[in-house]
Amino acid sequence: MIRFDRVSKRYPGGRDALADISFELHEGEFAFLTGHSGAGKSTLLKLVMLMERSSQGQVLVNGKSLNRLHRSQIPYYRRRVGVVFQNHHLLFDRSVFQNVALPLQVSGYPARDVAKRVRAALDRVGLLDKENRNPVALSGGEQQRVGIARSVVHKPRILLADEPTGNLDPELSAEIMDLFRRFSEVGVTVLIATHDVVLTTRMRCRELKLHQGRLVQGETVES
Amino acid sequence: MRAEPAAKAREQKSGATGSRTSLAQRFRAYLGHHRQNARDSLLRLLSAPVQSAMTLLVIAIALALPGMLYMGVINIQALSGSIDTSARMTVFLQPDADKADIDALMSRLQAGTGLASVTYISRDQALEQFRESSGFGEVLTLLDENPLPPVLILEPESIADADAGFLETLQGELETNPLVDDVVLDMRWLQRLQGLMAISQRLVLAMAAILGLGVLLVMGNTIRLAIENRREEILVVKLIGGTNGYVRRPFLYSGFWFGLLGGLLAWLMVWAGIFLIREPVAGLASLYQNPFSLIGPDLRQLSLLLAVGALLGLAGSWLAVAQLLHKIEPE
Amino acid sequence: MRAEPAAKAREQKSGATGSRTSLAQRFRAYLGHHRQNARDSLLRLLSAPVQSAMTLLVIAIALALPGMLYMGVINIQALSGSIDTSARMTVFLQPDADKADIDALMSRLQAGTGLASVTYISRDQALEQFRESSGFGEVLTLLDENPLPPVLILEPESIADADAGFLETLQGELETNPLVDDVVLDMRWLQRLQGLMAISQRLVLAMAAILGLGVLLVMGNTIRLAIENRREEILVVKLIGGTNGYVRRPFLYSGFWFGLLGGLLAWLMVWAGIFLIREPVAGLASLYQNPFSLIGPDLRQLSLLLAVGALLGLAGSWLAVAQLLHKIEPE
Amino acid sequence: MIRFDRVSKRYPGGRDALADISFELHEGEFAFLTGHSGAGKSTLLKLVMLMERSSQGQVLVNGKSLNRLHRSQIPYYRRRVGVVFQNHHLLFDRSVFQNVALPLQVSGYPARDVAKRVRAALDRVGLLDKENRNPVALSGGEQQRVGIARSVVHKPRILLADEPTGNLDPELSAEIMDLFRRFSEVGVTVLIATHDVVLTTRMRCRELKLHQGRLVQGETVES
């Protein structure tokens, strides 16, 4: 589903954030992306969702190279990806409900469906009672959960999560991971960047480990 | 947090692969999004009334100034229509010319081409007119005898430069006529008028240029700054898969509302401005026995202002969003 | 990551309790902060040249319009100074009056109070003047004999309403004089002038009001919007222990620079505008034998525009920051 | 040093975020503040630094009630407190160096001192080589460390940290905690809100535990 082919990324005026990365994730696979702070985890996720472009090499999703995706196609591609951003990226000028509804509205869902789906997603992260609040009036962990609800509300084919449990207590983290796992069981490809050693060791999933921009574990490409 | 039954999971899977929504549904949602944006952007504008009012006033003032200029031009046109502005040739006849001969000359002139009117002014009429128009009436009452000859006033059909030749030919022709004492082609006021026109033209051009630039800049800048505050919204919607059109829509509606309401306010300002000077203008005109009264802005001006405001608002937000969209694009 | 030796830890402790910095140091830092802010805000303005230019142009246009109005007023004043505007009384003498008697009357009038000048115009001079000023010169050449009497022109010292009474008394007095045929007190042009003045006054007031409001709004709004983009900065500096004064400083400097540069640009615009219509105005004036030529903006206007711009910039940013500060304050 | 006296906090239109909280922290004490997401940890820290005012009860710092602090005194009070914010609160229009220098400039330190101290603080969080970068060009964990450097650069008397290691890998987290511990050893009162069970159990410090806005552990007030 996601395949990196000798990908490097160098930000303007910096050293390589990613160097010569190759790996493949199958449809429905569930993997952790680990590594020290600044190892390149967020950069890797940004490449998959085209927030950044690779400097070298190719990122292939569903067999198609993202380099060859025309600019006008990017929105439609992104609608099939769900992302939990490291810095939440919530909009503070609208309610929690409206924040979560955004991916559905963008794809043109009928209003009736939208309400049903949004409530289901909010229920899953335990925030159904706060749907009318403004995100500023939420705690850090609650904001993070709104971001998680938004990332899954439109049932994406690929789910990327950047440190989704950084502000959550252990029980809640486990529940969220369960949620993600259930997504992978129905065929969604899930890739989660995290520092939470407890979780990664407990769940015993595939782990892609980055160190200084290089993949030091989990790179097995079956080709 | 709820456990998700397997059935739901299956539905989810098919949902993730299929096309999800029918075209008709999509179109309905698209229209709904338009409606919702139109409403939301208006509500957003009303929800911060002080700040919106400030922005609106700025836009209104920017629109009202050229609006006033336009009304000024219209009024000057109307005024110059009410003033006698045609070029004229004054034919001084011999004081003792026979009225029958004069009538014959007049019919000949009227039969010819190029003249709009031929008017006869007898000696008494000439004295009367002179008294009224010159301001030297008091002097004339001191005269024992009427010093003025009878006069023919010829008005050409147009005052274009090309016709100056025709007038001069006519002048030469008339001067040889035994009935005629002298022919005066009064062109000096034409020069003056042209001088005035040159100034007002440049003034209007300069004002129009500066105001046009001003309106564009003020609206563009105001909307740009208002939008920059919502930069995060653009970023997030793009990241979530919104097309550029989707991103632009709320801002276009905001710009549209700002422009439309600004145009309405501008019309009111122009109206108030005209109202304010209507009375002294009428007073002044009455001194000149001129029934002129200022023309106020009407519904045509209103629709013009609304249209220009809305268009500029749309254009301004389009540009501002395009700029931001360009900035956050990778590569 | 370094291990911190115990000695350093001790220094830290004392540092945490003591007053840390001397007053002199603090004052130097304060001045340094001012200098740095003045520089930084200018650099920030220059680092986004297109957007700063747009904001500057908006401010400049807002300032240039009242600037032009002001120059218009100045020029109209200068023009009316160059036109003969004093109220005058025309005393028509008997055509056969003796020159010695006239001289005696003149000296008597000159010795009295309330008159600025007494001018004698002989019959020939009168005819000549009439020919020149009336535009009816051609008519007069047709006359065999000069129909005009000798004239005395009396100009009062002031044209205030209170003096109308004085003029009328003088008129009655002169009419009984055997030398005098008639006395004409020409007040009609006064009425016209007053009518014109009433219009221009209202116009200038209306324009000044709308433009003043416009300048305030445009500057305030522009700076408010520019500042709202830096809302986070205000919040963070407050959270870190910045006083309101410290928070305000960079914004005040930004506003100051915007206002100052906008004023400079406005001056250039006014100058260009005057330059543009200078030539046709001079052409028109020459038609009236008037040596009038438009007055351009000088250094006094420049400093006025700079001062007004800078002040409005400061005031605008002060208000905008105060508004934001008020919003983020708890309670 | 910090004393809560039956403090409650209710946000407009919400239930009590904090209810009847009483505890005391001594000078130089080091304590963790734990609890589930939405328990009220951030709210408690906000009360100490006057980002919010208590609805009932008193917060006393250094024996003085914060309620009686005049508005004009707040900036000077805040200069003696260092805070790591849950959402970083960095300024993206200036360099890392300038971000960290902010608390010093605000208090009017001479420029020479500023540079020395800022570099020392950046060195402690391992970001000395990135001082000229803009914070947008940093990874999530690096941004968090900039926030940490900024909170300690002016050697505050009280240090509050809201989830300071949420985006950091375990080794880095331990180092940062070490840094905070050393501060407490020289008399700085340190209060850290965290979810990281590994850290709190390993460090065996005093733990204030919140549950639904109530203090359920560590409330011993010695009076």
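Quick notes on this one:
Letters A, B, C and D name the chains as they come in the text, with residue numbers starting at 1 for each one.
Basically, contacts are C-beta pairs under 8 Å (C-beta built on N, C-alpha and C of every residue); 3 or more make two chains touch, one makes a residue touch a chain.
Since this is a predicted model, take the numbers as computed values, not measurements.
Centre to centre, using the average C-alpha position, chain B and chain D are separated by 63 Å. Taking the mean of the C-alpha atoms as each chain's centre, chain A and chain D sit 29 Å apart. In this assembly, the C-alpha centroid of chain C lies 57 Å from the C-alpha centroid of chain D.
Within chain C, no positions touching two or more other chains are listed.
Multi-chain contact residues, meaning those touching two or more other chains, do not occur anywhere in chain D. Chain contact topology: the protein chains form a single closed ring, every chain touching exactly two others.
Every pair of chains in contact is given here: A-B, A-D, B-C, C-D. Interface residues of chain D facing chain A in the complex, by the touch rule stated above, are 11, 14, 35-38, 41-43, 86-88, 137-142, 144-145, 162-163, 166-173, 195, 197-198.
Taken together, the chain C residues at the contact with chain B in this complex read 51, 54-55, 57-58, 61-62, 64-65, 90, 92, 130, 134-136, 138-139, 142-143, 147-149, 181-182, 184, 186, 188-189, 191-192, 195-196, 198-199, 202-203, 206, 210, 213-214, 217-218, 220-222, 224-226, 228-229, 269, 273, 276-277, 280-281, 283-284, 287-288. Contacts from chain B toward chain A in the complex involve residues 1-2, 4, 9-10, 12-13, 15-17, 20-21, 25-26, 28-30, 32-33, 230, 232-233, 235-244, 246, 329-331. Per the touch definition, chain A reaches chain B in the complex via residues 49-53, 71-72, 75-81, 83, 85, 89-93, 102-103, 105-111, 123-126, 150, 155-157, 175, 179, 182, 185-188.
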